[in-house]
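Each of the two complexes below includes chain A, the first together with chain B, the second together with chain C.
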Partner chain A sequence: MSAIKPMPPVAIEKPKAKVWNGARAIAEAVKVADVDVIAAYPIRPYTGIMNSLASMIANGEFTADIIVADSEHSQFEIVKHASAVGARVFAGSSGVGLAFAAEAIIVTALSQLPVVAAIGTRALDDPGNFGMEWSDALMFRDFGWLISWAKTVQEAADMTLVAYRVAEDRRVLLPHFIALDGAAITHVATPVVPVTKQQATEFLPPYRPPYRIDPQDGPVTKAQHIAPSLIGPEERKTIDVAQKRSKQVIAEAWKDFAKYTGREYPPFLETIGMEDAEFALIGMGAYMKDLELVASRLRSKGHKVGTVRLRYVRPFPAEELINALGGVKAAGVIEFGYSFGSPFGTGSLYHEVATSLYEADAKPTLLDFLFLGGREPTVEHFTQLAEKVIESAHKKPQKKTYWLTLRGEDI
Partner chain B sequence: MTVKLVKVTPKVERYPEYEELDWVIAHGLGVDHTADITSFSQTIAQAGSIKGIETYYYMRYDDSPERNYIPMAFYTVLGKPKVPVLLHEEVEPVGELFKVIAVFSSSLLLQKTAQRALLFDGAKKDAILLVNTSITTDDVVRLVKKYNLAQDWFGKVVTISAAKIDSAIAYPMLGALARGWDRIDLDSILTALDVLGKEKKKESVKKGYEAASVKEVHVLAEETEMFKKIKREVELPEFTGEFWTPEVYYAYQKAAAEAQTYPSRIATMPRWEVLAPGLIEFGPQPGKRNLGFTTPWRWQRPIIDMNKCTDCKLCHYYCPDGAIDFAPIKVDIDYCKGCGTCEKVCPVKAIKMVPEIEYLEGLRDEEVLRRFEQREYGF
Partner chain C sequence: MSSQVAFKNIKEIPPVDYYTSGRRTCAGCGPALGYRIISKAAGPNTIFIGPTGCMYVANAHQFLTSPYAVPWHHTQLGGGGAAAIGVASALRTLMLKGKRKLEDINVVVMGGDGAMADIGFSGLSMGLSYDYQRLLYIIYDNEAYMNTGVQASSTTPWGATTTFTPAGKVKPIGNTRLKKNMALVAAAHPKVKYVATATLWPPLDLMNKVHRALNAGGPTLIHVLLPCPKGWFTNPSETVDLSRLAVETGMWVLWESIEGQFKLNYRPKPRKHVREYLAPQGRFSHLKDEDMEKIDKMIEEEWKFWEESAKLGRLVVPY
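This part shows the complex of A and B:
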């Protein structure tokens, strides 16, 4: 596992960087991915993506059917059906929009349709709360969707292309969410090196579903009524195996992506300073940049702190995580998602990490740091929590979970 | 691509714990009998409990009795001292479970159950067959031997023409049951009705008790037509680990259509490795029909009078199962569920529905005819 490092620039066409926000960068990736059908329904922070796509289509930059649906539920139904007839599709939403579309989203996975959708993560409304929280995307971790999490605008754009490649692979055939931290990615503009049309064409073959709904291919039925005594566990098992197979496909896809674009990513975990680390900060998404800064500052003070960034939550890289955390005394999970009433009052990502570590030979002390309700964290918060992790290695911590950014007593 | 077929005899597992209990299975047709089967089973369970027997009853959950005429079943389970009642919802009709087989319409004697089992699959050897019909006990035994029995049977047949006594047919049937089965006697049924607040129905139960005909039966498996006919094995594609191709799919479909027993039907359902991603089912080619999954609940069939028919094709277009050919107009009876839509839409009244029992056996069962006359369609 290593950090992102550029390959030598030989023989690779190097397009000029553009300053794009996350929404625009995703839209540009969708453009070069030659998507056929796009369904849209506005909800902040996803809205920027559909706006960019709509104006690009209106300006004649590329051709795709863009359908503004009457709701998120219809939006996801439209792409599901379009995918079933053989189109490459794109959708996206945020927060309660996803909650409303849940039925369509779940059936998409069970029908094994490689829909790719972006989530601008958003708190699940206390009415009007548009702050960044992970609860919306993590709501769908149990139904068969692949879910990746971007740290930078650049990565978000690259992930979009890789998502199509992985989702449409015949060993997988599962829908794919790309989670972008609301505001932090969707609304922040940074220089992005675009994937060129040629690179995209070479990297991403056309979508050829094994069995599409098309009279030319002969009659097929999809998503038919199921009697549990006849087909039940069997159908679930096909999804399960597709999820398990996807790990290899993801690793292959990112390797190939580096070949065509020169941008190299570790497939599942981005680890920084973990070679000799005694303390680890585990998280995902855009705020890992801040955590990496905090880790390097603490390192200069003599604390061996490293960071582990998960790039995928589904499939969850459990073995990789156990390996990365070998030799670590204490670790903290930094997260923006929660499960009320959960064991010890811990967050959603903590559950995944703790479950993985249960199988590890040596288990570090594991703390959970929660940023809930969408209030933005600062470097100060990250420094505080990193110090808590370091302290916990010497002194048994009084509690497992810390709510940061909270006013009032954290009980 | 050719698919290699292998002969498979499905394993039949028996559950001795369940065989120690007394099971009452009540078969009926969706909507028509739902309420009556519920009352019937509930009263038996209540009567058993009055006698100090541990009991429970439930609907077979796989059925969808909210749809007209779909075969449905209820189970009532009576425990024995020292044998606890065990919950096992999806009862497989194998072994010796059913002490009482209650049939709410004689049309069910002509067909397999919804589980593709014979009516007597899973029955105890001394089972009591209780039928709501006006035909004679001898005719009932003859039909059962012809269509629905492939094993020894040293039990009883009890018939009752229930609707003649009460339109709520459950109550005369309960009386008839008490006449044929000493485990649940008349007194405990009457007490149960008190407990359930259905005192008004006591009279119907007593009348049913009086009116029932009971006949001892002694049938050997070899005497039944089904014993020779029934095939216990299926031909399935050899498992190669490949994705589900149309050829493999059609082979499974053919095996399923030909499966004659519940275990063989279940055996024709593919293992997960051969499922196409996203549950693809391959349809028949245009103009062809699927290999027959549609027929088990037909209790009446359309007869077209070609002298009256004007060839307007309305029946072809309205048939919800595509069972009527376009040219010439002809019913493919293997796909007809007997819903009666064609009769209803025919503008010249050229289509007449005929009860199956009358068409196939020439028997006029008042219980079937009464229902036939009262048929209502949802449009």
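This part shows the complex of A and C:
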């Protein structure tokens, strides 16, 4: 198993920026990735991606089979099996749609099929909550899928191409979710520099699965019923190893991506102002832009505040996080996902950060700021919570967890 | 129109098997016999999709073996309809885009009654609404969830006991739902090219139907009744005899719909009393004479519609 070594680029193409929302930008990336089979089923807010793809295919912009499925479960079954035959595939969903597809999603990772799917993050029902929460995407953190999280529309599009490259690498062969904060990324139009067809072709080698479900490859039997005593633990370990290996592949892929497009991204963590930071704001996704604004305002007032943005939750960059937080007195996790009844009533991302920091030599005070139920946060909320983090360094905080945007609850 | 006969007599059946040893199905397993016959008829250029069911659980498990000499991929219990569409779509798209050589490849789903008539019903219906060629859905109907220990499905016949529908003092009949007719459901899909029912008897009927389905030029479905000694409480040596009795008592009607043209394949003359089919089966042993009479009456009534369909050359819904 050797690394895929693409040809070095001659010169970086610099196409003109377009104004696209996240849905359109992802669809454009899927197009240049030469995807073969797409399965669609509508649920807000991810639907726009499929609308865009359907119209591109209808207008002959690229050749792919788009299947209108009868449910999200079928959607993920369709792409799983198309991938096993050797097609490059795309799917996606949001909120309860992902919950409905859970069975098919889970087995995709265990079959090591490099399906790429977008999640327009959305609160789970009831009520028919179409606000933004992370609980849908984070439901799948435990099953072997790689999960990346975009801050901007540009990054969402770029992540899509990198996702195929990483997922299909023979050292990984795992499915890949790209999480887009509902509305904030999916529906907001910003200038985007497209990845050109040529860049995509050079960056992304054709998908060549090791054993296809195709008579050409002989009688391959896949996902056979096997007694747990025979291969149960080994199968799980295979996924574990692939997840661990993916870290190196991800780092390589982003480095290579910069070579072809000129756009550089740190692979796992984006840190701003962390070199001398005493306080850190940790989070993911689109609202990090607001947190970065808050941090820079506080800096201009003399507070050494930095931001740490996770670009991947699976694999989780624990070492990178420990390094980034070295020397920090207090940190706050800003998140949109929760686990009812969890230790100290903290959120899903907090658990990951706290587990990582348990291995750190110096542990900062760690607070958790929760935006739950889909009510929109404002810069005011982010300012309040950042001030709370600063205050906690010299005054023991009364509580660990703060619910923001909740009526009657003050920080 | 595809009404050709590929296998004229038993001597013409190819000796090669694509469903072979390396399984642990029960003695006298109807679905295993069906699998063997169906895969023979489909031939080597076939991909099988196996939703969870007996033919998933009983076809390997302990020995890291595989009985399939053609590509085979498991799909989840409710995933049969969609998985086949994924495979068919991938093959067609890869061929269309020049990423794979052009070739006729059969995609056959071997789904049980639970997988197709219950949990995978919606996906099956979706699959039948597309136009992929050489796509065949087989419902291997042993009339209950057998590998989980004989629980009723929506194709379990009236009067059968299962562990979820036991006959008791207050509820003496057992299952009181009427068997769902999946071939009729399939025939209601306008894109479907070929729908048929079959069982293990007459011997070449099933093989020829598989051949016709795969050459019909669109999605197709064959609903195959396959006796299960474990769940029917029958003697393993009687599996094929029971298939025959199901047909001869009129309990299982052999028909085809070829692009909407109805054809009755077999008329039991004279029709045997259903008692002959029910009596050897432990799952009906609690039924009284009057119950068996009731079933026989239902068959009698239903057959009027099959005869009517045969006369008109198109399906008349019998319920």
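Just so we're on the same page, the second predicted complex is superposed on the first by the 397 of 411 C-alpha atoms of A that agree within 3 Å, B and C clash if a C-alpha of one lies under 4 Å from a C-alpha of the other, contacts with A are read in each partner's own complex, and residues count from 1 in each chain.
By definition in this document, a contact is a pair of C-beta atoms (placed from the backbone, for glycine too) under 8 Å apart; a residue touches a chain by one contact, two chains touch by 3 or more.
Bear in mind the structure is a predicted one, so any value in this text is a computation, not a measurement.
Visitor: Determine, for the superposed arrangement built on chain A, whether chain B and chain C clash or fit.
Guide: Overlaying the two complexes on chain A (C-alpha atoms) leaves chain C and chain B clashing.
Visitor: Once the structures are superposed on A, label A:E103 by its partner contacts, choosing first (chain B), second (chain C), both or neither.
Guide: A:E103: touches chain C, not chain B.
Visitor: State whether A:A227 touches chain B only (first), chain C only (second), both chains, or neither.
Guide: Once the two structures are laid over each other on A, A:A227 reaches both partners.
Visitor: Let me test your reading of the model: by the given contact rule, A:G345 touches which partner, first (chain B), second (chain C), both or neither?
Guide: neither
Visitor: Identify the partner contact of A:G373: answer first if only chain B is touched, second if only chain C is, both if each is, neither if none is.
Guide: neither
Visitor: First (chain B), second (chain C), both or neither: which does A:P219 touch?
Guide: In the superposed model, A:P219 contacts both chain B and chain C.
Visitor: May I ask you to decide whether A:L113 touches chain B, chain C, both, or neither, giving the answer as first, second, both or neither?
Guide: A:L113 sits against chain B, while chain C stays out of touch.
Visitor: In the overlay, work out which of chain B or chain C sits against more residues of chain A.
Guide: For chain A, the partner with the higher number of touched residues is C.
Visitor: By the touch definition at the top of the document, which applies to A:S74: first (chain B), second (chain C), both, or neither?
Guide: second
Visitor: Thinking only about the overlay and not a real complex, which stretch of chain C clashes with chain B: 132-140, 222-230, 258-266 or 294-302?
Guide: Clashing stretch of chain C against chain B: 222-230.
Visitor: Shared contact residues on chain A for chain B and chain C?
Guide: Overlap of chain B and chain C footprints on chain A: residues 84, 218-224, 226-227, 230-231.
Visitor: Touching residues of chain B toward chain A in the complex: what are they?
Guide: Per the touch definition, chain B meets chain A at residues 62, 90, 243, 246, 266, 269-272, 275-286.
Visitor: Over in the complex, which chain A residues touch chain C? Could you list them?
Guide: 36-37, 39, 63-65, 67, 69-71, 73-75, 77-87, 89, 103-104, 107, 206, 212-227, 230-231
Visitor: Across the complex, what residues on chain C touch chain A?
Guide: Its residues touching chain A are 44-47, 49, 56-57, 59-62, 64, 66, 68-76, 78-79, 81-87, 89-94, 96-97, 99-101, 105, 122-123, 125-126, 130.
Visitor: Using the touch definition up top, name the residues of chain A that touch chain B in the complex.
Guide: Within the complex, chain A contacts chain B at residues 84, 110-113, 170, 173, 210-211, 218-224, 226-231, 233-235, 237-238, 241-242.
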